[in-house]
Amino acid sequence: MIPDLGRYTLEVSLAYVVSLGLIGVLAFFYWLRGRSVKRQLAEIETGRGKNG
Amino acid sequence: MLSVQGLACARGGLPLLEGVSFALQAGQALVLRGPNGCGKTTLLRTVAGLQPALAGEVSASTDSIAYAAHADGIKGTLSVRENLEFWAAIYGTRGIGAALEQMNLRALADRAAQNLSAGQKRRLGLARLIVTGRPLWVLDEPTVSLDAASVALFGAVVRAHLAQGGMALMATHIDLGLPEAAILDLTPYKARLPEPGAGGFDEAFL
Amino acid sequence: MASFWEYANPLKFMRVTDWLLPIVAVAAVVVTATGLIWGFFFTPDDFRQGATVKIVFLHVPAAMMAINVWVMMLVASLIWLIRRHHVSALAAKAAAPIGLTMTLIGLITGAVWGQPMWGTWWAWDPRLTSFLILFLFYLGYIALWAAIDDPDTGADLTAVLCLVGSVFAVLSRYAALFWNQGLHQGASLSVQPGTRMDWAYKAPLYTCMLGFGLVFLALLLAGTRTEIRARRMKALVARERMA
Amino acid sequence: MIALLIRDLRLALRAGGGFGLGLAFFLILAVLVPLGVGPEPATLALIAPGILWVGALLACLLSLDRIFALDFEDGSLDLLATAPVPLEAVVTIKALAHWLTTGLPLVLISPVLGLLLFLPADAYLWLILSLLLGTPALSVIGTFGAALTVGLKRGGLLMSLLVLPLYIPTLVFGAEVVSRGAQGLAVNTPLALLAGITAGAVALLPFASALVLRINLR
């Protein structure tokens, strides 16, 4: 299944792992921050509703 | 003269005041009152042209305004004379002698400003206003942290300015010792914010 | 009647992206995965570069996006300065970390590729240098956003920085070219100078480029939504304090 | 306008004005480099153009935050912004004052430091000329950076991060003039490009600086 990368196995797989890892980390942080901001905003908005 | 029509201004992206209107004729003074954070400073900075108005009009050419916040823009390492001569040159007025005389600073003219007492510094700040030669003084908290004698001095200077046909627009939350000045309380002009999510354009944030 | 500028209304933007974002996100994952799997598993080795040629499917799209993101930020900054649509400024803010990541991927994959090909991890080649400089510009832009409390001031200042920075980034590019004629191959779409790239590489490469573009779009939409919410939250808190 | 220039020069030259700090930094750098690299004249001669240019650039950077920070703190900047002088002119004068107190002394002292670094004799003319042409750009670009970060806490470090990338083209062409001069090559192209960058920066950046200053004072 894994193609034979010859002498460049390390280089090529490293490039793929690091790149996908970076995009993954970035996406994860965007998701995490999005979720926490969304929740905080919801809290503030419901708080406002209660206070009038 | 200064006339302000339906002025609205904002701080930090939030509307703070709206519908503020007043007029000032030669020889008049107006004191803005109101609790801390009600927008006195913001209004003064808007009138002075430091920040744009949300709405409304200020009909005074900016050429007639001398603005002063409680920081006087005095350089400690320059002498009293150098400080005043600089502002006189910037405003294109001639002669600082009258200002020195009026503020009783003649004897201190060659002293570095950092060696002045607080009251003397205040006098230098007032002398700077006189040096600008501008008819309309826009003053933010001019008497903050001053003792009684300095407040009285301030009152006398403003009175003399008014007597020469000048105008003064001041913000304060303490007494200025200027009983003849008209007073405008800013509390009723507090901006009503739109209801959240009312569907306005950028008001969606508010 | 339905003007493009309507999408600058935060509410409308939120409504539209509410259903658009999942579609873009799924498309981004599918297209990128297709392109990368195709490139990684089903392309032949290059007769000179061997298996390292497979890095092209990451390197070129990332490098392309690194520049495109900056261009997008420039356009968004101009829109903010001229028309004062908050969504535009917030989109530029949300785009910057993506551009930074893309630049970093371009640099890292380049180093990993350069090591076996040129025998060095790093060379002060004009292209590499330009990307390093672009990386610094992204850093500065993000740092300036982070340092300013007032959202409108932040938007204004970063927009001006983006404009001025763009001019200097282009100047730096020419300075780098002038300073050192490099090792890097010229056109990004030819593996060997002089020969055109084979379709066996081109097809997955184009797929990856589209995929990276979609990844950027998905992250941009998600990030802008977050920034809009954060901006609104800030406004609500400030409002509460004033009341 | 001249009054503002005179005031800024006076302030810089009086006690606590910080005049000479950049110069001292430049000197220290030129002493430290041989200590770090070794006393080999050939090596030092090779890196001298770059070291001198990087040193000049860092020395400039060191004094940038003084351009507006002090005036911002004591309120002078508000007063200047409401005074009957265009802010673009204020910014230009401030940049000029910075150049006169930082850039020009660097240019004048650079031959001495060139001596310390065994700069080839052919290069002195080009060193002085390139610094003379390039340092105004450093001051103007730095003024933009200072205007951008004027109201910020911990603005100094951020300003370095923003300004240094903008210095790259000036540095590249400036150092290139000197090293080509040292090798006896033609310097026309980098010199023209350096002059072009300076002319462009001096002509256009004050507008951007005044714009961001207005935004920061709002």
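By letter and in written order, the chains are A, B, C and D; residue numbering begins at 1 in each of them.
In the analysis below, a residue touches a chain if its C-beta (ideal position, glycine included) is under 8 Å from a C-beta of that chain, and two chains touch if they have at least 3 such contacts.
Keep in mind that this is a model prediction, so the values were computed, not measured.
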item	value
Remotest chain, chain A as reference, centres from CA atoms	B
Selected interface, C-D versus B-C, where C-beta contact pairs are more numerous	C-D
Distance between the centres, which are taken as Cα means, of chain C and chain B, whole angstrom	48
Geometric centre distance via CA averages, chain D-chain C, whole Å	32
Inter-centroid spacing, chain D versus chain B (mean Cα positions, whole Å)	37
Averaged-CA centre spacing for the pair chain B and chain A, given as whole angstrom	51
Per-residue multi-chain contacts in chain D, two or more chains	218
Set of chain C residues in contact with two or more other chains	232, 236
Touching two or more other chains - residues of chain A	45, 48
Those chain pairs that satisfy the touch definition	A-C, B-C, B-D, C-D
Interfacial residue positions of chain C with respect to chain B in the complex	9-11, 84-86, 150-152, 228, 231-232, 235-236, 238-239, 242
Complex interface listing, chain B residues touching chain D	45, 48-52, 62-63, 65-75, 77-78, 82, 85-87, 89-92
Chain B partner contacts - residues on chain D that touch it in the complex	2-4, 6-7, 10-11, 14-17, 71, 73-85, 217-218
Complex contact set, residues of chain D against chain C	144, 148-149, 152, 154-155, 158, 161-162, 164-166, 168-169, 172-173, 176, 189-190, 193, 197, 205, 208, 211-212, 215-216, 218
Complex interface listing, chain A residues touching chain C	1, 3-9, 11-12, 14-16, 18-20, 22-23, 26-27, 29-31, 33-34, 37-38, 40-41, 44-45, 48
